[in-house]
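Across the two complexes that follow, chain A remains constant while its partner is chain B and subsequently chain C.
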Partner chain A sequence: MSNPSVPPPPSSDPEGGSLYLRGLKCRECGRIYDLLPVHVCDFCFGPLEVDYKYETIRAGLSRESIERGPKSLWRYKALLPIVGEPTAGLHAGMTPLVRAERLGKVLGLKNLYIKNDTVNHPTLSFKDRVVAVAINRARELGFKTVACASTGNLANSVSAHAASIGMNCFVFIPHDLEAGKILGNLVYKPTVVSVRGNYDDVNRLCSEIGAEYPWAFVNINIRPYYAEGSKSLAFETAEQLGWKIPDQVVVPIASGSLLTKIWKGFQEFANLGIVKENPLLKVNGAQASGCSPVFQAFQAGRTQFVPVKPKTIAKSLAIGNPADGYYALDVVGRSKGQVEAATDPEIVEGMVLLAETEGIFAETAGGVTVACLKKLAQKKAIRPDDVTVAYITGNGLKTMEALTGFLPEPVGIDPTLTSFRKIVNPS
Partner chain B sequence: MTRLRFHLTFPEERVKEPIIYEISQKFGVVTNIRRADVSDRSGWVELELEGELPEIERTVVHLRNRGIHVDPIEKTILEG
Partner chain C sequence: MSVLIRIPTPLRSLTNGQNEVREAGSSVREVLDNLTARFPGIGERLMDEKGELRRFINIYVNEEDIRFREGVRTTLKEGDEMSIIPAIAGGSR
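Showing the complex of A and B:
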C-alpha cells in the first residue's frame, strides 16, 4: 500500500465558482480558509466551520423554491456545503415529523412531535444526512477513498454510501468489538480494520492516519462539511411544522455537533426570513448517565468538562470527550435550555414507551431522548402547551440486545380454540 | 521528524505540575502550546509535539501514566 505523506491535490476548482460558499472559518479566532479538506485552524487549533454567503442565498431562497425541490435533504442545498449537484445519498432526509398525541398524553404535553430518523435512507439513522453531505463534498474534492472510525451507525452509513458510488472505504474498529456489531457493515464490503488496542488507542491512531493518508475521513478532515448535514433536521422540522420554529427541542448529545447544528439551522432559516424567529426556542440536550460529560458540566455550572470512559447501553452516544461539547453547552445556555441524563433502565423504558405509544422502534439513543423528555416535562422545564420536537436518531433494529429480558414473553397456548379462550381470553 | 497535535485534559491533582516542561526534558520533544484554559481545579491544553515518532508515542504513554487524559486534537473520533 502506498503511503503518501501529503494529501491529494484538491479538484482543480474546489470552490467551483460556488455562489453560496465563502470558505471555512475558525470558530475560535475567525480566520478564513479555502474550501479544502481541513478541519483545524493552523493558528489556534480551533475547529473550522463552513462560512456561507448569506446575502446571495437570501436573494435566491424562498419557501416556494424549497418546496419545488426534491423530497430529500437536498431541497435545502443552498444551505449545505456542496458546490455541484449531489450524486450520492440522494434519498437521505425528509423523514416524518409525527404528531405524538399518545406519547404526549402520557407525558402531559399537548403539542409533542417526534422527528423520526429511524426511517432515514439508506441505513436508518441520522448519520445518513451527514454522510450524504460528506461523501458528495469528498467527491468534489477529488477523493477516491472514504474512511471513518465507528462501531455502529456511522460505519453503516459510510460503508453503504461508498458502496453505492464505488468509492473505496475503510472502517476502523477496536479489536474487541463484538462480531455482531460489525456484521451489518461487512455486507457493503468495506475494508474493516480491527485495531489491537483500547478505545483511546483506536481514536489516536485514526487521527494520525487521517493526517497522513489521502483519504476523506468523514469526521476528521471532512468534518466541517459533514457536520453541516445535521442542519437539515432543523430545516425539515420548521417546514413540516408549517414554516415555524418550535418552542422546545430535545436532542441527544454524543459529540454535541447535532445539537449545535440544529440550533444553527433554525437561526439560518430565521435570519434569511424563511421563518419567523422564535425567541422562546429552548434547545435541550439528552445524554446517557453512563457517558454524560456535558450533563455533568451543565449540572455543575462549568464550561469545562471532564472526559469520561463510557459505560452505557446507548453506544451511539458513547463519546467520552465530545468535540463539540463546549459549543453544545453554549447553545443550551444561550437558549435557556437544559441538559438531562438517563440511566440504562430509564433508556429501555423510554424505548418501550415510544414504541407502545407511537409505534416507533428507536435504538437506545432514542430511549435516552424520550427518557430525558419525560424528565423535562415532569419538572415543568417543558410546559404542556409548548410546541416540542424530540429527535429520534436511529432505528431500534440496531440495538435489539438492549431489550433482552425487559419485554414480556409470548403467551403460550395449545393449538385449540378452548386453550385460546381459556388462556388468552380476549374481551 | 513528526509533528502531532493533542488535546490534553489535566485533573485537579496535576494542574500545578510542570508536566509540559517535564516531557520536553525527558523525551526531547518540542512542545508548542496553541490554546489552553487552566483553572485551579482542572485544565486543558492544545499542544503540538514535534520529534521522532517513537519519542512522541513514549511521551503519550508517559502522560497517560501520569493521569493526563490524552486525545488527538479532534478529541473523540470513534463514533457509534
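Showing the complex of A and C:
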C-alpha cells in the first residue's frame, strides 16, 4: 500500500502559543505531555486528556462573550482544544433543544427535553461535533490524511469533513453496517475499508495501522482533542435551558466517552461560574441489552467492566470493549445516576414512540435512549418534576433496516375520489 | 515450557529493544512474574501498587483477550503467544 501522506512535522512549537491549553495529562497517573498526536501514557498506558489553563479561560469567558459567538459549537471555542481559529467544520452544533411535552406526557415527565443531534451539520449525528474539533487539530498538527475506526456515524462525519477541505481520508468500518451508513461514506469519495470483523476488531486493527502510517486517526491518536468536542452538548444544553444545568440527563453509551464529556462540560461551566452548580444532576447511561458491558458492571456494583461480544440492532452502540467504560461507570456512580439497557424490540418501540410523539426520527441509538428513559421514569429514578434532557445522537434515515416489518404499509388507492372514500374512509 | 510475548513499543526500551521475548510459565501470572524479574522496570509499568495488572493494559493469548478466559490465571501451553496491548487501543476477539 502506498502512503499518500507526508509525516506531520515534529514537535515544532506544538502549543503554538496557546492561551488556553497547557498540554495533555494522563487520566490515570497524571504525567504531562506536549500537545502532540498522542493518546496513551507511555508509563501506565492510561488515556491522555487535554489540560486547560482554566484561570486564563475564566478571565475571558462569560455568558455575553459566548452569546456574541457564532451559532455553532465554536461559540465555546475557549473550552475546545484547538490553538488557532477553526477553518473546517464551521457549522456543527447548536442543534435544537426540544421541549418534549407529548413524549413527556406518555412517560409521566413534566420537564422533558430532547437534545436533537439528528439534525447536526453536515452528517446528522453528534459525531459532527467531535470531528469538527479533531479535523482542525489534525490540520494544526500538520496531517494531510485523516482516518477513523467507526461504527458508521463517525466515518460519515470524517468522510464529509475531509471532502470539504480536500484532505485524504481512510475510514474503517465493520463489514455489516446499515446501507445508509455505507453509502453515507462512499458519496464523499474516501477510501472505505470494510473489515470482516466487529467494531472492536476494527479499532484494534486501526491502532496497529496508526502505528505504521502517519495519519490522523481522529478517535485514536487525535482522541484527546476529538473527545472534547462532545462537551459542547453540555454547553449548549445549559445555554438553551437559560443558563441552567438540568437535574437528569440520559446519554447513550458506546465507548463511554460522550457520557463522561457531557458531565465534564457541565462541571467546567459550573467551575468557571458560567452557570450555577446543580448538585442534583444525575448522569444516566443507556445501552443496548445485546451490548451492555457498562450496564452489567453497574448492575453488579463493579467498577470494572468485562468486555462482551456485541449482538444488537443498535450498531452505533455496538462496542464490546468500551475505551471509556471505566470513566463512564465512575461518572454515573459519582452523580448517583443509573445505567439501563434496552432489548432490540424495546429499541424499535423507542424509535417509533419518539417519532410519533415528537416528530423526531432517531436512529437505533435514539431508540435505546428513549427506551432507557422510559424505564428510568417508570421506576421513579427520574421523578416527574425533574428537568430531564435525553440526548438523541443520530438520524433514523441511516438505520432504516431496523424498522423493517414494524410499520404499517402505505394505504394503496386508485387515483379517484371514490377509491379514496372507499379505502381510506377518514372519519 | 515457554511462550512468546509481544512487547508493545513503549516497553521495548525495557526489553533491550526486543519486540518479542520468550518466557517460561504455565499461567499468564507466572509468565508476567518471570518477565518482570528478568527486565527490571517493566513491573511498575504493567502492575499497580497492589500488584494487580493496570486497568488500561490488556493481555491477549493467541489473539483472545484474557478477560474472556480466566484473567491472569489463564493457563498457557507450549507454543502459545501472548500480546501486551494498551487498552485504549480497544479491541476484543
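Just so we're on the same page, the second predicted complex is superposed on the first by the 397 of 427 C-alpha atoms of A that agree within 3 Å, B and C clash if a C-alpha of one lies under 4 Å from a C-alpha of the other, contacts with A are read in each partner's own complex, and residues count from 1 in each chain.
In this section, a residue touches a chain if its C-beta (ideal position, glycine included) is under 8 Å from a C-beta of that chain, and two chains touch if they have at least 3 such contacts.
What you are looking at is a predicted structure, and each value in this text was computed from that prediction instead of being measured.
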Specify the outcome, clash or fit, for chain B and chain C once both structures are aligned onto chain A. clash
Chain B versus chain C as contact partner of A:Q240, first or second or both or neither: neither
Quick one: is A:T343 in contact with chain B, with chain C, with both, or with neither? Answer first, second, both or neither. neither
Touch test for A:S150: chain B only (first), chain C only (second), both, or neither? first
Applying the touch criterion given at the start, work out whether A:A254 contacts chain B, chain C, both or neither, answering first, second, both or neither. first
Greater residue coverage of chain A in the superposed arrangement, chain B or chain C: B
So in the superposed three-chain picture, is A:V306 touching just chain B, just chain C, both, or none of them (first/second/both/neither)? both
Regarding the shared-chain residue A:K315, is it in contact with chain B (first), chain C (second), both, or neither? first
Quick check for you: in the superposed arrangement, does A:G46 touch first (chain B), second (chain C), both or neither? both
Between chain B and chain C, which residues of chain A are contacted by each of them? 28, 39-40, 43-46, 149, 200, 203-204, 207, 211, 220, 223, 255, 304, 306-307, 319-321, 323
Of all residues in chain A, those that touch chain B in their complex: 28, 39-40, 43-46, 148-154, 172, 174, 199-200, 202-204, 206-208, 210-211, 219-220, 223, 254-255, 304, 306-307, 315-323, 365
Going by the contact rule at the top, pick out the chain C residues touching chain A in the complex. 9-10, 45, 54-57, 65, 67-68, 85-93
Given the complex, residues on chain A that touch chain C span 28, 39-47, 149, 200-201, 203-205, 207, 211, 220, 223, 255, 304, 306-307, 309, 319-321, 323, 326
In their shared complex, chain A is touched by residues of chain B numbered 4-5, 7, 9, 11, 34-35, 37, 39, 42-44, 46, 48, 60, 64, 69-80
